[in-house]
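When the chains are written out, they are named A, B and C in that same order, and each has its own residue count from 1.
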Amino acid sequence: MRGRVAFRGGGFAPRPSPLAGAATLIVLIAFWQTASWAGWLPRLFLPAPREIAIALYRLALSGELWRHLGASLGRLAIGWSLGTVAGLLLGFAVGLFTLACSPGMAVVSAFFPIPKIALVPLFIIWFGIGEGSKIATLALGVFFPTVINTAGAVDNVPRGLIRMGQSFSLSWLSIVRKIVLPGALPGILSGFRVTSSIAIILLVAAEMIGAERGIGAFVLSAGNLYDVDNLLAGIVVLSLLGLIVAWAIGWLERKLLSWRG
Amino acid sequence: MTIGLTLSGIDHRYRDLTVLEGIDLTIPPGEVTVLLGPSGCGKSTLLGIAGGLIEPTSGSVTAEGDVAPDCLNPLTYVFQDFALLPWRDVAGNISLVLEDHPLPRAERTARIQEVLALTGLVDFAAAWPRQLSGGMRQRVGIARALAVRPACLLLDEPFSALDAQTRDLLLDEFAALIARAATTCVYVTHNLAEAVRLGQQIVVLSRRPGRVREIFRIDRPIAGRRTDEPDLLAIEARLWELIRGDAVAAEREIHHAG
Amino acid sequence: MLFAVTCRAVFVLLVLCAAVQTASAADPVRLGLLQTLSPAPFYIAQERGYFRDAGLDVTFRFFQAAQPIAAAAVSGDIDVGVTALTGGFFALAGKGALKVIGGGLHEEKGYEGSAILVSTKAYEAGLTAPAKLAGHSFAITQYGSSFHYMAGRIAEASGFDVKSLTLRPVQQVANMVAAVRSGQVDATIAIASMAKPVDAAGEGRIIGWAGDIVPYQITALFTTDKMIAEHPDVLRRFAQAYARGVADYREAFLRLDAAGKPIRDASTDAVIPAITKYVFVNDPDAARKISEGVGFYDAGGALDVADVIAQYRWFQAQDMVKSDADPKTLIDTSFLPTR
């Protein structure tokens, strides 16, 4: 063998760049707008971004957007919080106690794959046509993934750290609060990313029945009326909601998990 | 004010694998007892049993002696992998083991400052574990153990995860520390130089099932010992002769127990 | 001799070919509809061979909901459709893709089509007449549905604002009835065959009939502009066959005696098998259910043009249809009569 040895390492290490992410979205939207202007897309059934923006502006101006958004945000906040708190409690129980471990996971495995949308008619009978059934849909959709995720996160806390706590005779509560909880926090927070998206996805299903207001109900009604501008405006709002929530969780992670560096 | 331990009739089995068999051992107060043996001889298990972290299949451990009133955790471990909480800074990791006790805040701060000073960590109080070298991390582990003013220190190969130079440095520091504190120590290692450097009583364990093969005594102070002194070298050679066969066999073994 | 035989064989072959040719020359038409009782005249026309007689090969494409039928016509999956005139339908038609060409189900005074059904609780609390609906909750399938329209027109006729009703969209007809039975919603609209058993069981009360308050065109026959431009002859033949089906349907179900009661006789029984091929299949009680559930169709499949225009204007006024197209451009009356 003779000659220069060629470089063959590198790669397999993608670096995040928020700027590139934003630029991609902007280029996509610009391309869409151009295609509409040029007449490559049927304006009738796929409106241009400009028209969606105008629809959005009108909704914001008339106050309709804020009424729908207010109703949906309230449901999201209550439904997600209920599902998350209950899911965290059961998840910790499953992760910490033999007594809860197998029974808890059996129940979760049996009920998690059920499409919550299919249960909406039942929820109406159980919780009524008002806010109850909507919040139940969201809470249940959030509950099961939270249990699975939390139990996994608790299980992943290094046992060595727990033994260390015991070797210094820390109380059970101290071990849970100061070792298990912070150790499971990264996993729990990344679970929040998933469950918050699930909640936004389920919003449309939750607001299918008996909702006068709400972004989900608005999107459904615009769809029924083939009001494509408003339909897409509603979808843009849902998507922005998802972006904001993801950003908020990212911020929370940076705050709470600064020790990871 | 320190305690001694008596281990009597200790047997331990994981399912059908006998790890320890018929261990009778006295750990004299105020001395360093080294548990020496090839890997897989059950010496870490024995240390776990001595401190109440592992329940033996049969046999018992009894403690004897007076515990000082400022001792918060008589039997205190130092771990091979340091076992530091990554989400607490150095001071926080030490504070952790004091928080469950009704200490006045000033006393707690004073104790933290004291052990930081003892281990040369004063400038690192606010550092995260991930920012520290292995040697510094184990200094935190030792500082944390000292903060509770233990009556007996249980050390599980505390320096085996460190490089040779760091290990020698820490060994000297540690020898000076315990010589001053006169705390009972049980020190698990497979390193012969460490054994003769620190041990006043060296317990050689046989390969599985672990039994006490022989007990050596080196009745001279730890402070000032050097590993290249002729009497220590002679003992080291004796120890090597004793465990060499077991070490060869242990090295060729397929691992069963996790 | 041999020549003669061969000649005859060739002749037979030619005739056979011609026959096959005619059969395959029947013009294919894809009809979009709901698998319910409401498009019964189409079932009759199909089963009695009226479409075949008109040289058409009609395929039924069944849908789960009314809205997608209109969308399927726009996307070119069906040629003709029969569906409820909803906000969604008008929105699509207003974009210039669809045209109404004939009448379907019509709410009519004296015919029990759609009932105004209220919960027992609401009834006992005084909701005993349609005029008292103001301020109550009212279940509909979706905004812009025909139920929404009916609620609006009942409100107009009774002199109150439709906005004073708390509308509850529950997506499905079954949900609307269930919501009233369980008392979660005060009122809704349900077709006779669904409303009557609820009333009889005391789980709700019928307080009026939509047809008595707002006679209007519920469903209509529609097609695409492309179809009208390219195959007007096929549409004409389709309309004639449909009209024959409507005639049989009216004969079977819509004749009233002197007391205003529907007449049920041999002509009724004769059409039942055609209908049970599509709905109430293998249901021993099918004849009764059909006879109680049928709604009114205008003679000849006529279209209530004035009402379709009124409906369009209403959806426009409610801001549910944004198009400002002239309603006359949504209708083509060249195929079927008008009312």
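Here, a residue touches a chain if its C-beta (ideal position, glycine included) is under 8 Å from a C-beta of that chain, and two chains touch if they have at least 3 such contacts.
Everything numeric in this text was worked out from a predicted model, so none of it was measured.
Within the contact network of the assembly, the step distance from chain B to chain C comes to 2.
Taking the mean of all protein Cα atoms as the centre, the chain whose own Cα mean lies nearest is A.
Centroid analysis (C-alpha atoms only) places B farthest from chain A. When the interfaces A-C and A-B are ranked by C-beta pairs in contact, the top one is A-C. Mean C-alpha positions place chain B and chain C at a centre distance of 87 Å. Chain A and chain C have CA centres that are 42 Å apart.
Centre to centre, using the average C-alpha position, chain A and chain B are separated by 48 Å.
Of all residues in chain A, only 44-45, 121, 124-125, 128-129, 208-212, 217, 220-221, 224-227 touch chain C in the complex they form.
In the complex of the two chains, the chain B residues touching chain A come out as 51, 53, 73, 75-77, 79, 81, 83, 85-88, 96-97, 99-100, 128, 130-131, 148. For chain A in complex with chain B, the residues that touch the partner chain are 160-161, 163-171, 174, 178-179, 182-183, 185, 257, 259-261.
Those residues of chain C that touch chain A in the complex are listed here as 67, 71, 74, 86-88, 91-92, 95, 97, 139, 142-145, 166-171, 175, 178-179, 182, 184-185, 320-322.
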